[in-house]
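A, B, C and D label the chains in the order they appear, each numbered from 1.
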């Protein structure tokens, strides 16, 4: 597998559509333990990305991802704007100058994205955030690559792990983000940011 | 959803236009950004104060732009932290070279966006520092969590740090007194009704006709628990108990009191709450130096109130009393 | 009924206690009466201003007691005119010998109770005169009826007559400018939700989720009609149309604007309304000299707003700009 | 028929009870075209009168009525306080010094009361106010006396006329008081103040 800039832009479009479709769902998850805007934030952000990349002929994948990240930062606000924004910018820096990327690049990008999120948000795994979807996904990717699975299966492993991570967020107490204000009462509720992350992994898997 | 608006997408822009039309002597708007700055910004040699956050808390923060308080206020979408760009633009517009102090409420989103803006401004050579307000005792504080939220106590920080900046103090000095204010102020709120974010069209939590929400946030975040509605005295006792448990107040101490309306609660009821706040403090031998009763940090059309107590020393008293001339607060 | 109160019987007393605890530098309460007067009343040689009416309109009127506005404010039960006795006591407490001007809103009950109090005070040798505010254009004016109601425009009368009294003007002069203000101010309001008098426990009119009430009074009196909720711009156009039809305004005229919140409507929405008010006036070539946006004359926890337009001349401009220092309004 | 101070005080008590019983009814009438407090006002006022006259040994009927009027003025506020207060004070002045009154006194008292109300409130018949109950009652009393009916029948005529007057208020537009703000839309609604006046005539009739 090797994908080019055109495909990356195409994936961003699909993510935008998925966020639009899941706007209400994500917002309702956020209403239960946050302020009820995660769906609005994600959909607004990725619509802006879609708009920004429309008819973009850019071939440098690093540049596309950097644009994506900056557009998210400049349009979303809230917690998810800087976090997703940083994630895409860091991923982009990892592959700057490349016009084609492969599954090994994807692993490095994901690692850079996760590190960026952790640095920006000062959260760790088990704090009931998007990290609880992304870190399992990264681990699954690394394992799958070590087991020499096909790129498609690697991405499937990522999506599955992310979704398991989402399910796990129901079991734990939030310690970061707005949901942390609820303390113990956050248990039983699924983290909206982890959910949107898993949606992204789903799209990447499906589209490749 | 019953609101006097034109469309959910337009509320922030329409509101800011309405503000500059109402207060042309105080504020101007930065072209293309949801940012209000003092009309005569930057002010030579003065440290500039910038605050902001999601909209829906009016008069916070645009209403506090003026002499003795803020130099700039950045308005995000309703209940959503602004992005770094307008925060950065605000800093550029108000910095006179003496530096900028950001007053940030403790929300992950606000902190990250303000931090990114700070990084941008620093790359431009602007001296920037910030304080994080975290006065809401309904949220447990811990180094393992995001910590307490920032709510109405923030207005005391604007007032006091703003007065200090007006004296020509350095960025370090302004930050120090801002941080002292943060350390000395505690708040807690309750709601009788939830509120509705225009773009969402429905409320985050619901309350039965006989229920109230205790310890909710100012963004419609659910509170610590629901209870049957009690009398104003009982509600006030409950809020004050939590606040005072969290503060080290001794007999003879002096405080400032803020009874803050979240929007739909009439001033009549806020004064009734204030009566009980004073009685409780009086019984403990704590002296009230200054009282503010009104709507300082609202939550769209939520009914309810918060109480804030600021422990004072001579410096804070003097800065609290210093002149301020802003649309929402005049001293 | 969701209210932060202790009991319907206690609301006025509790509120007034809360007010004097909050504003000890401004007001004191007359023992045994629901009356607030300036702390240093009577003020030597100054004509005294006394206003009042039912409670539930806070900050009106107690919040306007202070330098440059009222000398005394009499609080009736919620939405019920005070009886003559406390009005009489207020006059006795604030009269310095220069006489008292009563500012009365045009309600049969208020007029009769204030008139009886005036008769009592005159028997004691106090010089008393009064003006009747009737700014609400939603009610038809006619000599055969009780005429228009007095609503938020009253605050302009307090401000302007208060400033005049502060100059040492005579009772006749103060009355003259108060009457000029009455003659030049027009208002109209609308509601998104009704309000509930504590002692009654239920609302006077009901509104469906998609309905608003146009031209209702500030005591929960039903309005001229109900309509489907419209945009803020459309609502504002409707109010302004009625107001401007009733005023003789020409291109080049100058006005003061008040966008008044009835209680539950957030400042955000009031600013959105203000934007449209300015646009309409701008289109007609009318200049806005001063704008006030906030809660000046409320109606318990009603959601909605009123718009007031005051036509200005040089004298009114000067008096509007004059210093005022009261709990609710500082200039 | 001739009644003494004790009986007058007794009637005031009964009026207080009737206002208490009809508090909700009067308030709902007022809610439709006014501010929904007439029942509260009347009941508060007459409870204060009852309290004031409790164990009062006063025999001068004029004095009893003056006390009643002053108590209403000092305790009710609103429009009904000064109006009913003035009515009772004027009626009292008409019979000052008397320890017994007869039906002719009643006619004079009623006339004085009505004049007082008109002077105070500047309203006339057909303005949809309490005057629309009281003026017909006065006319009925005068007629009945001229026809030499028994005092009981005179009082019955008064109560009947007052109640007819109340019914008539439904037909007309309010021109005075808070209901006047509704203009044409006040038609169809019964005036609360006229209703409370008729209640008072009912009590006087029943108690004598």
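Operating definition for what follows: a contact is a pair of C-beta atoms (placed from the backbone, for glycine too) under 8 Å apart; a residue touches a chain by one contact, two chains touch by 3 or more.
From a predicted model like this one, the values you see are computed outputs, not experimental measurements.
*Asks:* In the chain contact graph, what is the shortest path length, in steps, from subunit B to subunit D?
*Replies:* 2
*Asks:* Taking each chain's centre as the mean of its C-alpha atoms, give the chain farthest from subunit B.
*Replies:* D
*Asks:* Would you kindly tell me how far, in whole Å, the mean C-alpha position of subunit C lies from that of subunit B?
*Replies:* Chain centres of subunit B and subunit C, defined by C-alpha means, are spaced 29 Å apart.
*Asks:* Per the centroid of Cα atoms for each chain, what is the distance between subunit C and subunit D, given in Å?
*Replies:* 32
*Asks:* Hey, how far is the Cα centre of subunit A from the one of subunit D, in Å?
*Replies:* 77
*Asks:* Can you pull out the residues of subunit D that are in contact with at least two other chains?
*Replies:* none
*Asks:* Using the touch rule from the top, collect the residues of subunit C that touch subunit D in their complex.
*Replies:* That would be residues 54, 76-77, 79-85, 107-109, 112-113, 115-116, 138-140, 144-146, 149, 197, 199-200, 204-205, 217, 219-222, 224 of subunit C.
*Asks:* Quick check: in the complex, which residue numbers of subunit C touch subunit B?
*Replies:* That would be residues 2-7, 11, 14-19, 21-23, 55-56, 58-59, 63, 192-193, 209, 212, 229, 231-233, 235, 259, 263-275, 278, 288, 291-293, 295, 298, 300-301, 303-305, 330 of subunit C.
*Asks:* Touching residues of subunit D toward subunit C in the complex: what are they?
*Replies:* Answer in residue numbers: 27, 31-37, 40-41, 73-83, 120-121, 175-178, 180-183, 185.
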